[in-house]
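Below, each structure is written out as structure tokens.
You will see subunit A twice below: alongside subunit B first, and alongside subunit C after that.
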Partner chain A sequence: MTEKKGLGEVQTAAPGEELRLRPGESELDAFMPSRRMTVNLGPSHPAMHGVTRAVVELDGEIIREMKLDIGFLHRGFEKSCENVTWTQCFPYTDRLNYVSSIMNNVGFALAVEKLCKLDVPERAKYLRVITSELHRICDHLTLVGAMGMELGAMTVFLYAVEARDIIWDRLAELCGARLTSNYARVGGVARDAPEGWVEKTGKTLDRVKGYVDEIDGLLSRNRIFIDRTRGTGVVPREDAIELGFTGPCLRASGEPFDLRKAAPYLVYDRVDFDIPVGTNGDNFDRYQMRMEEMRQADRIIRQCFTQMEPGEIAVQDFRYVLPPKPLVYGTIEGLMAHFKIIMEGIQVPAGEAYSYTEAANGELGFYVVSDGGGRPYKLGLRAPGWPMLAALPFMTKDSLLSDLIPTFDSINMIGGEVEQ
Partner chain B sequence: MNRLIGMVVLIGAVVAGLVGLSAAFYLAAGGLAWVFAEYLGAPPSFGAAIANVVTLMLVVMMISGSLLTVAERKWSAMMQNRIGANRIKVLGSALGGIPFLAADALKMLTKESAPPRGRTRVLYEMAPALAFAPVFALFAIIPLGPPIPLGAIVDSAAGALGSAGVALQVASPDAGLLYIFAISSLAVYGTSLAGWASNNKLALLGGVRASSQMISYEVSLGLSLVGTMLAYRTLRLEEMVTAQGLAVLGPVPALGILLQPVGFLIFFASAFAETKRAPFDLPEGESEIVGYFVEYSGMKFGLMFLAEFVEIVVLSAIITAVFLGGWHPIVVSTEWLRQTVTPLWFGAICGGAFLAKMIVLMWLQLTIRWLLPRFRFDQIQKLCWKILLPAAIANIFITAGALLLDPSMQLLAWIGVATIVIIGAITAAVGRAPAPGEHDHAAAHAVAGH
Partner chain C sequence: MSKVVIDALVERFPDAVYDAYVGVGGDDCAFVKKERIVEVCRFLKSDPGMLFDMAPYITAVDYLGQEPRFEVVYNLLSLKTNRRIRLRVKVPEQDAVVPSVTSLWRGADWFERYCFDMYGIRFSDHPDMRRLFMYDEFVGHPLRKDYPLKGRQPLVQEREVKDIYRGPGPATRD
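Now for the complex of A and B:
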């Protein structure tokens, strides 16, 4: 009687067959064939951050099928990197996950340093961890705020944005930019922390903690918020592993996997922090992971502040790092090194390497191939948000249209990284 | 300390302004009543009603409705550590954002209307009016001030004419509260037709959500007020207000909120759902389905937007009249006041008290709107049919039983006091903030990883 067609068309009943009664069946009990409605959410829709298009097939308000359409933000990141020097790739990585750009910088720098077999100075490692964790807080604040806002709690969003803003102030003092902060370099970091920055950042973190507690008070015990997020968008542990989840979304499902613990890089083995692990894998657990990770990031940063000692912020090897300006203008070796790095790029030994870091949304992987020249021969990116976004149709199948919103928020899809 | 003094002065000024405003309304109503009676031979209630339509429905309701748009911006800004609308400056001062009123109106009126293709033309054009008109008409039966003799307003009115009562109320039908139910249930047509006629799937979803939500909540809305009807033995709002001035427990007046705390909560929740504002803003749900008015632009949208704010005003007015003692200035005894000041000032102070209570309730609604997230569709129905409706029915039976046992309402008042205490205790126990150690790392347990 009904024939199923592809997405974009409705399930139809032949004319005259709408109410065919079986023997002994009253009109009230008769099966009424309903038609599905295909609704196009996006690419410009308030809930679709960035520009994503979701074509949902609705039965009443229940999502029966969903098709995701990405690519509205595609910039050809991987290909663009092949045309610029290794150093010039850094600004491109900023635009991947634009809410936590320094994490991408660090991931890329680690990949190149693996090829170059460089070990960066201690202070640079600490600064990289500090800025990464600051950006982890920013990223999680964005998620929590956006989740609150799209569930109707606008006030939460503005608290989160204000907290993020004061962190950006500190990052701007460090690297000059607020949004696309560009801090890590091959062989170290761009600049040392200015005088008094550590104390100022400590105070900023106190304020951020205040905001986080306030958001916690507004949402974590809010009946409506819990009703909206508990039991929606559930991904059981096995499914989460099968679907390739990483990061907070995987941990929310109960799998205690965090690259900072599993394969510590930089100085993560020297600081003491906990990994929150959820049990249900629903939206509320994913939200809780973010809230707790912000507190843990706070702990990490404070420990780094006490452990960090003055010293070099980049390797003193002018094949990889620009020499200081007095050397460039005063000596022929300095000038040559400067010229070579700028014009030809860092000569990275031929080979391939994969760097994995725990970015805010999960494992951020950079696969780089070098032919020994100044530019990447090939570059591949494992965007942390992509597996979660790809699982969205699975997570929202047969749930209400309203559940799509917190689910879409809690995976923290960032257009820049999944569309590369 | 300076801040405290400033706030006290501000509140005093606002209350004084409201009293002055009510006095002006009485003068207008009395004046027009006298003119009609003297020169046209019409009954004085005729002229008073016409004056009240202008002053109460156009001035009070429309102005407070449009001021609420600014108030919402400013109040939400205060809640969110922002400054709020302040870019329009008149002689170098932002005037608290009030010039935005004019700017918004101008913007709405001059915007291009972009009607969608394939719309159902008549219904599409009619929907904003259908959304706005019923809400507007609701205000007609609100008793804003007590009746005072015409002679006290206009000196030259004497005799029978002088003793005719002038009240700040447009109409006083026998049906009273039933009028409210009847008219407020018409409001659903505007929203569902807007969704239906727009030829837009998202708008259609919004319209369907609106109709199911509003029709469901109408049931608990109606049943929640049955208790008050039983207690005060009347449907007329002005008689309810008068009854609320009588003492029931010693000097404590028989306020609706005291006799019917459960009815108050149910009515507030249901009426809030009828206004379609957060946390009940599913028909709009801007992050999900954008809203039933997604295809409306310009002043057509403005009318729907304004209807929402006018609903706030009307809801505050009804709650004030039914549950908060109406125009009785609770802080001082009404009888004492009646004997102390002249009738005109007595009316003016009572009217000011009504308006002040309304302002507090509007503020409460704005606060709730900016504090809470949105419900889900099935949860909103569950709340209505499984919680509010049984509670309302139980409330009716308990109220009726208590009144049967003790017609003097004292037993009912004691039950109300007990309910308030119980609700307060439950709220204090459940709403307690968790101790710091309890949840600091509740979600976290250290795991070393693989």
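Now for the complex of A and C:
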């Protein structure tokens, strides 16, 4: 046992870790016993996007233990939704994963429609899939851009944000907002695509594809990037399943499970697309899942454009959908239907259901309970990033502190949805 | 969906599983007695015919006015067979302690902490039963139906803002 004096305290090295020089080893390379140090990362740390606090116990540069403290962005999503009508929940769902809000809208709409046993018109299904996949590209671009930036590749971030922005321009033409789209409704979608939107979006997708290829060229074979991401934050397949991983993080660990294939909803059974599956479950695989999924999303959107036909964008049942304005102003039935939806809310049959969709980061689930009234009795949100963030201490245990940054990036924790 | 899982459960645990039903959209659902939940879950996870290897979502509901008051809902998924099942556990208010399933699925950890934080349901044998979102000084459980919608508990003194009304809201819904 070697005792070293440092910082005014007697320090003891663990058994078997003596300061012993091996033959030919210089004193500078010898093992130096160190004291464990507790460091507070966050809540607002430049390398941690979002507000997450991590208390890290460091042994030199190695993370021995980590405790997460979350909830800084908690704003009572479920409580708020229990006190507004079903339709008024949509703006709240926008703010869950604010990078891909339409996917939350669609997930919630499908949950309510499951309770109502409602089937939406074909065109609404296609519009939902198109907008969801556009937002999937946005979400993955955010991850890839932020990951590049935090590992020192600022250019990648600028390309990604530019690509994301031109998609948001198209979405703004569709639903009037770039981020908080509020696009889906119970029984359909809010607006039809404007004149010429499909062609315009096709051109936008070409440009986005160019940006994605450029990002791919900058990162995928970049020595620094690979050194930082390959072999760090590894999650073996069994652990990923037990920890409740879904989405790209689960597939990166080698489990080919995608809800769009396993339990197809909307029109995913009519389009042809592949699911990328990783092998190592490390940060680089998770990054590659995102890159490939962007290309697959592009494929899905283009197929939807060719398959989509003109038609209704919402069910013509005025117990669920607001009647058109001429009916409201011209007929008493229309006025009553309008009044009842606005004042009392959609009367969802009493019961409970769990509905799940494949959002950008995994399974987005809504557990809805209705007491037959116009407001949700309970609206449980299963945020996709929740289990991944919960597993962060496991993923970073005994790794370098600097590996925390790519690991935190690649799980794509979005405070809005995880902390509700 | 098939009734295979439900039938097997009812056959294996006739005294623990009751009121099995097919929910909206064909989901398999069943009620399970609180004390037996770990046993039932262990069977679902390890039996070669079941293999429910993931617990994607666990949540709780407050049915205020009913007896028992709370309910913990387990949504389980089998990646191998692509089946899902929903187990519902009734929890009385006086004895709001449920055995934890974290020993079976580590991913259940934060979901159970969430149920404790929001509803005050404790999970025995949970490794780290603390609040998840709210701070430790917080009094009460915000998602209980009798917690007021505008019940504010600031950690530091809030500044007076003229145009916003802040204060305890009505105990029932607005």
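As a convention for this text, the second predicted complex is superposed on the first by the 387 of 420 C-alpha atoms of A that agree within 3 Å, B and C clash if a C-alpha of one lies under 4 Å from a C-alpha of the other, contacts with A are read in each partner's own complex, and residues count from 1 in each chain.
We take it that contacts are C-beta pairs under 8 Å (C-beta built on N, C-alpha and C of every residue); 3 or more make two chains touch, one makes a residue touch a chain.
Fair warning: this is a prediction, and the values are worked out from it, not measured in the lab.
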So in the superposed three-chain picture, is A:350 touching just subunit B, just subunit C, both, or none of them (first/second/both/neither)? neither
Subunit B versus subunit C as contact partner of A:179, first or second or both or neither: neither
Figure out whether A:76 sits in contact with subunit B (first) or subunit C (second), or with both, or with neither. second
For A:158, decide between first (touching subunit B), second (touching subunit C), both and neither. first
Per the contact definition in the header, classify A:262: touching subunit B only (first), subunit C only (second), both, or neither. both
Looking at A:39, would you say it contacts subunit B, subunit C, both, or neither? Reply first, second, both or neither. first
For A:217, decide between first (touching subunit B), second (touching subunit C), both and neither. first
Considering only touches as defined above, state whether A:402 meets subunit B (first), subunit C (second), both or neither. first
Jot down the residues of subunit A that show up as touching in both complexes, subunit B in one and subunit C in the other. 257, 262
Flag every residue of subunit B that touches subunit A in the complex, lowest number first. 76, 79-82, 201-202, 205, 278-279, 281-282, 285-290, 370-379, 433-434, 439-441, 443-450
Of all residues in subunit C, those that touch subunit A in their complex: 23-25, 27, 53-57, 59, 61-62, 73, 75, 79, 82, 84, 86, 105-111, 118, 131-135, 142-143, 147, 149, 173-174
Applying the document's contact rule, which stretches of subunit A touch subunit C when the two form their complex? 70-71, 74, 76, 78-79, 82-83, 114-115, 117, 239, 241-246, 255, 257, 262-263, 351-356, 363, 365, 367, 369, 375, 377-378, 380, 382, 386-387, 390-391, 394, 419-420
Would you pull the subunit A residues touching subunit B in the complex into a rising list? 37-39, 45-47, 58, 61, 148-155, 158-159, 162, 217-222, 224-225, 227-228, 256-258, 260-262, 274-278, 288-289, 291-292, 295-296, 400-405
